[in-house]
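What follows is a set of structures for review.
In the two assemblies presented below, subunit A is common to both, partnered first by subunit B and then by subunit C.
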Partner chain A sequence: MKYASRIYLCLIFAVLYIPIVTLMLFSFNAENSTAEFTGFSLRWYIELFSSTEAFTALRNTLVLAVLSALLATVIGTLAAEGIYKMRSKLLKSAINSVTNIPMMNPDIVTGMSMMLFFAAIMGILAVVIPNISYNDIGFAAMLISHTTFCLPYVILSVLPRINELGDTMSEAALDLGCTPAQAFFKVKLPNIMPAVLSGMVMAFTLSLDDFVISYFVGPSNFQTLPLLIYSMTKKKVTPDMYALSTIIIVTVFLLLVISNFKSEKSSAASRKKKLISIVTISVAAVLAIALVISSFFIDDAPATDGAADVGGDVITINVYNWGEYISDGFDGSMNVNEEFEKYYFDKYGKRVKVNYTTYATNEDMYSKLSNSAVKYDIVVPSDYMIQKMIEEDMLYEFDASSLSNFGNIMDDYKGLYYDKDNMYSVPYTCGMMGIIYNKSMVSEEDVREMSWSLLWNQKYAGKILQFNNPRDAFATAMYMEGLDVNSTDPEVWDQALDLLIKQKPILQGYVNDEIFNKMTTESAAIAPYFVGDFLTMADQEPNLGFYYPKEGVNYFVDAMCIPKNAEHPEVAMEYINFMLSEEAAIANAEYIGYASPNRLVVENDEYRAYMEDYGYEGENGETAYDLLYNVMPAEINKAYNEMFGSNDASCYRSFSPEIQTRVNTLWENLKLSDATEPWIHVLSIGIVVLVAAFAIYSIYIKKKRSRFYRYRDRDNKRTAVAK
Partner chain B sequence: MAKLIELKGISKSYDGEKVIDSMDLYIRDKEFITLLGPSGCGKTTTLRIIGGFETADEGQVFFDGVEISDVPAYKRQVNTVFQKYALFPHLNVYENIAFPLRLKKLDEEEIRTRVTDMLKMVALVGFENKSVSTLSGGQQQRVAIARALVSHPRVLLLDEPLGALDLKLRKDMQNELKSIQQKIGITFVYVTHDQEEALSMSDTVVVIADGEIQQIGTPTDIYNEPKNAFVADFIGESNIIDGVMLEDKKVKIASHVFDCVDGGYDKNEPVDVVIRPEDVDVVKPEDGMLQGQVTAVTFKGVHYEIIVDIKGFKWMIQSTDYVAPDAIIGIYIEPEGIHIMKKSKYSGMFGDYSSFSDEIDQLSDADAAEEF
Partner chain C sequence: MKVAGYGSLGLTNLMKNKRSLGQSILAAPHIFWAVLFIILPLFIVVYYAFTDSNGQFSFSNIASLTDYAPIFGLSLELAIIATAICLAIGYPLAYCIAKAKPKHQKIFIMLLMLPMWTNLLIRTYSIMAILDDGGFLNSLLNTSFHIVGTKGAVIFGMVYDFLPYMVLPIYTCISKIDRSMWEAAADLGCGPIGTVVKVIFPLSMSGIISGVTMVLVPSISTFYISQKLGGGTFELIGDTIERQFVTGALNVGAAISLVMMVLILISITIMNRFSDAEEGGIIV
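Up next is the complex of A and B:
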């Protein structure tokens, strides 16, 4: 028994802490790998402390958390006192439940309603102050939202303590000569302080942790750490985030140790204990202070270089891009945004600040742009999304050919179907989808077929991954069968659905970015994905191979656009032009790993050498450079084009709303259908039965007992009467 | 002595239920007055109205001739010792006592002198730095008293201050409180449901029931001359028997005519007759004024408590001599042992020991307390 309880305890701790320890361990990894530990290094800590973005986000997160926790604590404590003082019981319980609603609400509901609310506020403010932008009230909006959702937790923590304390203490204070206010501050507050503090700590952690609400409300110039880390999942969370997390965990842990020591202070602490506590306090303090100070300090760095001597306004442009989709100075690369700030200052003598935030999917970007009050100057949607946005009049019209560097774009990338006259967009990257396979797990003959059917091969059941988004998943089936991926015929989609249903039993799962880990750790053998991302994976796991299926592949272009409501379209155009310049374009291409539509990049020898040296070698000796620019066989494209008699059949097009709905429904059917394994049904029925049985049992017991109470009451009355 | 506090026509209801019904009461300067009554009778509410924690629905409160009905608690020259002490756990003993002085922004030297004096008075010297939560109940009570007295109030209100203490400690504290009151010479308004406590400490006892004052008087008056069946029953043990006043000093009880000392009633007026158990002597059946059968005998230490059935009415008798159950005995009562009262709304509700049980009394007390 004794051993059993010990083992149980160990298991609990293991479950709780092994993941955290893993993260801490990998923060010291020499390589950027989550699969193996290649050696101890402080590299990521150094990276972290030189990353402006991470530290700005950290500072923002801390400032927001501290301020909203303080505000929520003050408001919440007073509210709790107010609720306590209410005379009417009905009103009291009503207010209580109303304050609890935001807590029970899913964050996403709170987030959306906050977003709508502030969009409405912006509408009103815009009437009064003509040139106001969402960024002007962004921080206030964040602060208000965070305070709001933290508030119920503070009340929940404080109210029970006030109830427990009762009136006597305050009455005693009044009796001894305190005014009501003095009674509250001198007597009540000190006595409810532990609850107030724990409410504040709770509010602080909640705010620190919040992603959903910040995601909806956040302005483009105020990115918090959770937002930043989430945006990185497009590619891969960089290990400097592990380092940051490790520092945060250690700080929190030390703070906890301190608070425990402090609560023990009354008991005679031994000298050893005191020493330990002093050491932990100082370490924690140093860490916390270092974090805070460095975060403030680092953010000021770009402001001091370049144009510190020039007064006047700083123009801020808000760039909204995919995560990990720009060269950011990481690992010695060029910091393109900073370079642009310098370039702009040199050229125009005006200071500009690039406010760079990121998104994970086209749809995320679209909804943020169309629903919130945030104004962006640059977005980088994919082709079909650009088509949709042009149709909905969401993009700013400018003549791309008027940009001095537009000529650098190769002719093939001009006049693409979504923007035939180049009036709205300038291509940024392009890429293709293909099949990634593990050479040691997939037989050579199966690869040699170069077909999408590899994803349907029963031999590899349980080792195959599929896209977790309808567009790409359907495309794999449609390419295999030679169907039009932009078909408006519902039957074509039904046909594709049949194939996907057939495929489902042999899939390991539908995945997005998990694919990086699954493929590099050999837990899956086959997956469809994009070539640029494959190169990143191949860099870590040389055993991975890649081919473009012969039946045809999706070809996409991500292009820089200016939203219609941009505040500085001229600066945005300057930014786009800068991105087309040789230096910036090469830096980006090298960093991102996707193909570039820029002639100066493709024809650059250094770039070519860099990509040829990338750590990938195909079956026939082709390099990463070949894979991006040469291997994509013209024949495939040609065959494809002949088949559909169109120039751009292998690009996705924007759907009509009917087809969009249709596809979404089919996708839901696919994911729900027979897919649910039978044990899920058994389990859910089991849970329902158990809950029902328990409810019936407790009602039965209550009835039985209340019968007894009734008898007792009657007996009591009889005695009372007799008396 | 002058009237210090006066209540005029005070009424108070909670949720439509009347707790105090047009009460008139005055409290003289420097007296020890006790509001005595069962749980839920309105005594604590009366005290809270004096302290300023409650506002009366009707009526006025005067302090030293000035109306203070709407003066908030913190401006009244009245301090309170609460039932649960209400010490401030975040302050030590010294700071608890110094609390009201610091509010007045007295200088540190003055505070020290006064707090030290108080500590001496309640015999807690040396406890200055202790946390109040480490003190025993009795010690906490003394701190509460010291804190209430340190700012020299003219009236000290005490709301069942000894309720949480054990019997022995309660007796000691009773004496201590009384001597403190005499030493500092201010008015004490004391609330309790313990009649013994009330009788032993007070100059004046106010018996309250159902939100109304039943009787005001010295402890001796209250005990010897209860005004009605309620007071007679509540103060000490009483046999309350229906009687008929034949003429002055002649009362007929259970068909026997007794001599008594009271008069001034109508001829043949029905009255309540109070006979204290200790005033009944047990004699041989043939020598007794009345005869009855013993139904129960309980040994109480100093005496036996004997329940006797006399013509269907159960009497309680206290006697130092043992009587066997079921024995037939006679009883003898001196004229001075018989106290005549007018009939009241409480007539017939008390004073019969046929269903006598300590347990039931306690039960109903506890119920009343919960409801309140």
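Up next is the complex of A and C:
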């Protein structure tokens, strides 16, 4: 029995710790992989300690956790005492049930309600303070939300202890001449302290770990660690996040061990007290260490900080861009945002801070912009989205040709269909959609067909990926069938839906940026994606190939725009101008891997040499440079001409609201068209039946027992009376 | 109770009442907070659920929920299975820990809590990196198990992530059971298994119920686990809400949230009927 329990414990803990140990192992990986261990290195720790993003997030997380835990503890402890003193049972239970709502409610509902609440608050505030942005109240919103969901845990921890303690002690104190306040602070509080502290630690942990509520409420200028990790896991987690987790877990582990070890030595009586103080001290120590470390490494101030305080206030501009869509200093590349801060300071003597956040799809960006009160200064939508945003009057009008570097944009890319007079946008990158395949997993003759139908090939069932957004996913089916991707005919969309439903059973999954991970670890064999991202993947996994399907592909241009409600449009224009400069544009083009619309980039010999030497070789010996700029099979030419000509087809156009709703509904139907495996029904129904049977049985037993006691009591009474 | 009552005269009783009234004011900040930040936001959810995107009163969001019934069903089923597995694994675990020496108990509880200090997202991602088709496990064993992308993987992720929430309340409950109960059961002729089934299990019911609640609720509403381990071929209700949030269909999102909340609060109330514990649940 004893051995069995030991084996059981070991087994469960082993399973529980496998992912954590693997995570620690891969934090020492030499390569940028979380699946294949290639060698030991401290590279990711160095990377982590030089990443201001991670440390800012860590500091934000800690500050938020400490403040919300403190606030929740104070309010919660007072409330527990107050609730205890309440005489009305009804009021008591009413307060208790309301308090428990955030605990009982799923996080996602609390998050949703908080988000809507703060949106309403913003609506009211906007009337009073015309120029307010969500970022101004963002931190307060986060603090309020975190405190709200921490509160019930504090009360739940403190209230039972107060109930247990009773009134006798504080009454004695009052009788001996204490004021009520003294009685509370000198007598009651020390006695309930363990419960208060455990409530606080609980609140701290919960706030630290919270992702869902922060995800809904979080402003763009206050990123917490879970949010950072989420944005990273959308694409590919680099092992530096593993390194950070390793550091956190090792620190916590050491502190727990130390506190345990120390309390062993002391006598049983003082143990509890000591334990409490040790827990407090260790929590404080973690915070202090973390804050000190983070303040060392955080370079929160703009890159121009060293240049003394000339300009006074720091202007913050909010840049909202696609994930992995700017050269960020990784691996020795240029940190474009920092360079801009320096450039701006040199030019105007004013300090600017670039607050850079990312999104995964055009639609995400659009809804964030139109639904929340977050204000951005720069966004980088694709062509059709720009068209839509111009139509809806969401973009700031500025004359792009007034920018001194606008001449660097090649003529072809000026006056595109969505912005004929260059009044709203400046092209950032352009590229094509195509099919990525794994050369060792896909047979050559299947590739040679150069068709979208590879995505429907039964032979590769379970190894195929599809876009996880309606526009691109529908497009793959529509290009294959030669349908118009901008069709206004609902039947055309139904036709495409049928194809996608047919494809669903052979898919491994619908993915967005997860594709990087799936393709480079050879988890999947075939996926539709964009050429620039393909080059990034090919850099890591040479076994990948790419082709433009013959039926036609999407040609897109992503362009920098300024939203209408931007706070600093002049600085934003300066930012756009800076991005067009040779240095920044080349750094970006090399980093992102998409084609550049910038003449200075395309004609630059070094850049050309870099791309030709990229480590990619196509079937006919073409290089990465060719893939981006020269490979222009007839189909691409067609797409290209359509983008730059006048007729519409191959590039996306903005939908009418009716078609948009239609597409969303169809997409939902696709997601819903899922045949649940029978074992799930059987198992879950079985469990429900079992639980119900148990409940009925226990009710039956209870009734039987109470009947027995009732009879017994009656009998006892009778015998007593008889006596 | 009565004995204590004799000691206090009518006058002090009156004073005590006054004091109590004065001191229940301490709850005022909390009540204010709760009304403003708990109740009001829920009313806003209700408002959104019953209006269309132009702010006009409408039932269309609620009516459209029938489309989501299969997703509700699937989420519920997966969550029920995950909770049952958590209970099946977690109860013996809590029992083993509670039976261990006090010195060891502390270590086990620490080991159980430690993973919770690693972010849930990172843990889930780590599972994905291990179980993926080209992941660590498959490359280590040179196999090609297809796990990620199945519903089994999602259940595994739920069990893995939420197991501590099941074990901790049950452990607290079992370790609070008076030793004399075990002895009494043994004295009255119960074997070790009989003791667990007839005495310990019923007495730890409140722990089980709070454990079940704490696993079931996050399992039903998760969207991260299903996104990472489910491969995106199927959706859970959390994914649907998240998608509505991301695409800006807030009214439908609010309607789904509302229904989910009502269903969960009802089922929790029903569950708590079976719990004898006075204070809802016990945590840690």
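Heads up, the rule we're going with is that the second predicted complex is superposed on the first by the 561 of 723 C-alpha atoms of A that agree within 3 Å, B and C clash if a C-alpha of one lies under 4 Å from a C-alpha of the other, contacts with A are read in each partner's own complex, and residues count from 1 in each chain.
Everything that follows uses one rule, which is that contacts are C-beta pairs under 8 Å (C-beta built on N, C-alpha and C of every residue); 3 or more make two chains touch, one makes a residue touch a chain.
These numbers come from a predicted model, not from an experiment.
Novice: Per the contact definition in the header, classify A:M169: touching subunit B only (first), subunit C only (second), both, or neither.
Specialist: First partner only, subunit B.
Novice: Using the superposition on chain A described above, determine whether A:Q182 touches subunit B (first), subunit C (second), both, or neither.
Specialist: In the superposition, A:Q182 contacts subunit B only.
Novice: Which partner does A:N191 contact after superposing on A: first (subunit B), second (subunit C), both, neither?
Specialist: A:N191 contacts subunit B only, not subunit C.
Novice: Is A:A461 contacted by the first partner subunit B, the second partner subunit C, both or neither?
Specialist: So A:A461 meets neither subunit B nor subunit C here.
Novice: In the superposed arrangement, does A:V314 touch subunit B (first), subunit C (second), both or neither?
Specialist: neither
Novice: For A:P226, is the partner it touches subunit B (first), subunit C (second), both, or none of the two (neither)?
Specialist: In the superposition, A:P226 contacts subunit C only.
Novice: Does subunit B (first) or subunit C (second) touch A:A609, or do both, or does neither?
Specialist: In the superposed model, A:A609 contacts neither subunit B nor subunit C.
Novice: For subunit A, which side has the bigger count of touched residues, subunit B or subunit C?
Specialist: The larger set of subunit A residues in touch belongs to C.
Novice: If I apply the document's touch criterion, which positions on subunit A are contacted by subunit B in one structure and by subunit C in the other?
Specialist: Overlap of subunit B and subunit C footprints on subunit A: residues 171, 174, 180.
Novice: Name, in rising order, each residue of subunit B that touches subunit A in their complex.
Specialist: 51-53, 72-74, 78-80, 82, 84, 86-90, 99-100, 103-104, 147-148, 151, 355, 360, 364
Novice: Any idea which subunit C residues touch subunit A in the complex?
Specialist: Touching subunit A: residues 16-17, 19-31, 33-34, 37-42, 44-45, 48, 67-68, 70-71, 73-74, 76-78, 80-81, 84, 89, 92-93, 96-97, 99-100, 103, 106-108, 110-112, 114-123, 125-127, 129-130, 132-136, 139, 146, 148-149, 151, 160, 163, 192, 202, 213, 217-218, 220-221, 223-224, 228, 230-235, 238, 241-242, 245-250, 253-254, 257, 260-261, 264-265, 268, 274, 279-284 of subunit C.
Novice: Taking the complex as given, what residues does subunit A use to touch subunit B?
Specialist: Those residues of subunit A that touch subunit B are 168-169, 171-180, 182-183, 186-187, 190-191, 193, 719-720, 722-723.
Novice: For a test of understanding, state which residues of subunit A touch subunit C in their complex under the given definition.
Specialist: Subunit A residues touching subunit C: 1, 5, 8-9, 12-13, 15-20, 22-23, 26, 34-37, 75-76, 78-79, 81-83, 85-87, 95-96, 98-102, 104-109, 112-117, 120, 144-145, 147-148, 151, 153, 155-157, 159-160, 163, 171, 174, 180, 198, 202, 205, 208-209, 211-212, 216, 225-226, 229-230, 233, 237, 241-242, 245, 248-249, 252-253, 256, 260, 264, 363-364, 366-367, 370-371, 462-463, 468, 504, 507-511, 514, 517-518, 521-524, 664, 668, 671-672, 674, 676-677, 680-681, 683-684, 687-688, 695, 698.
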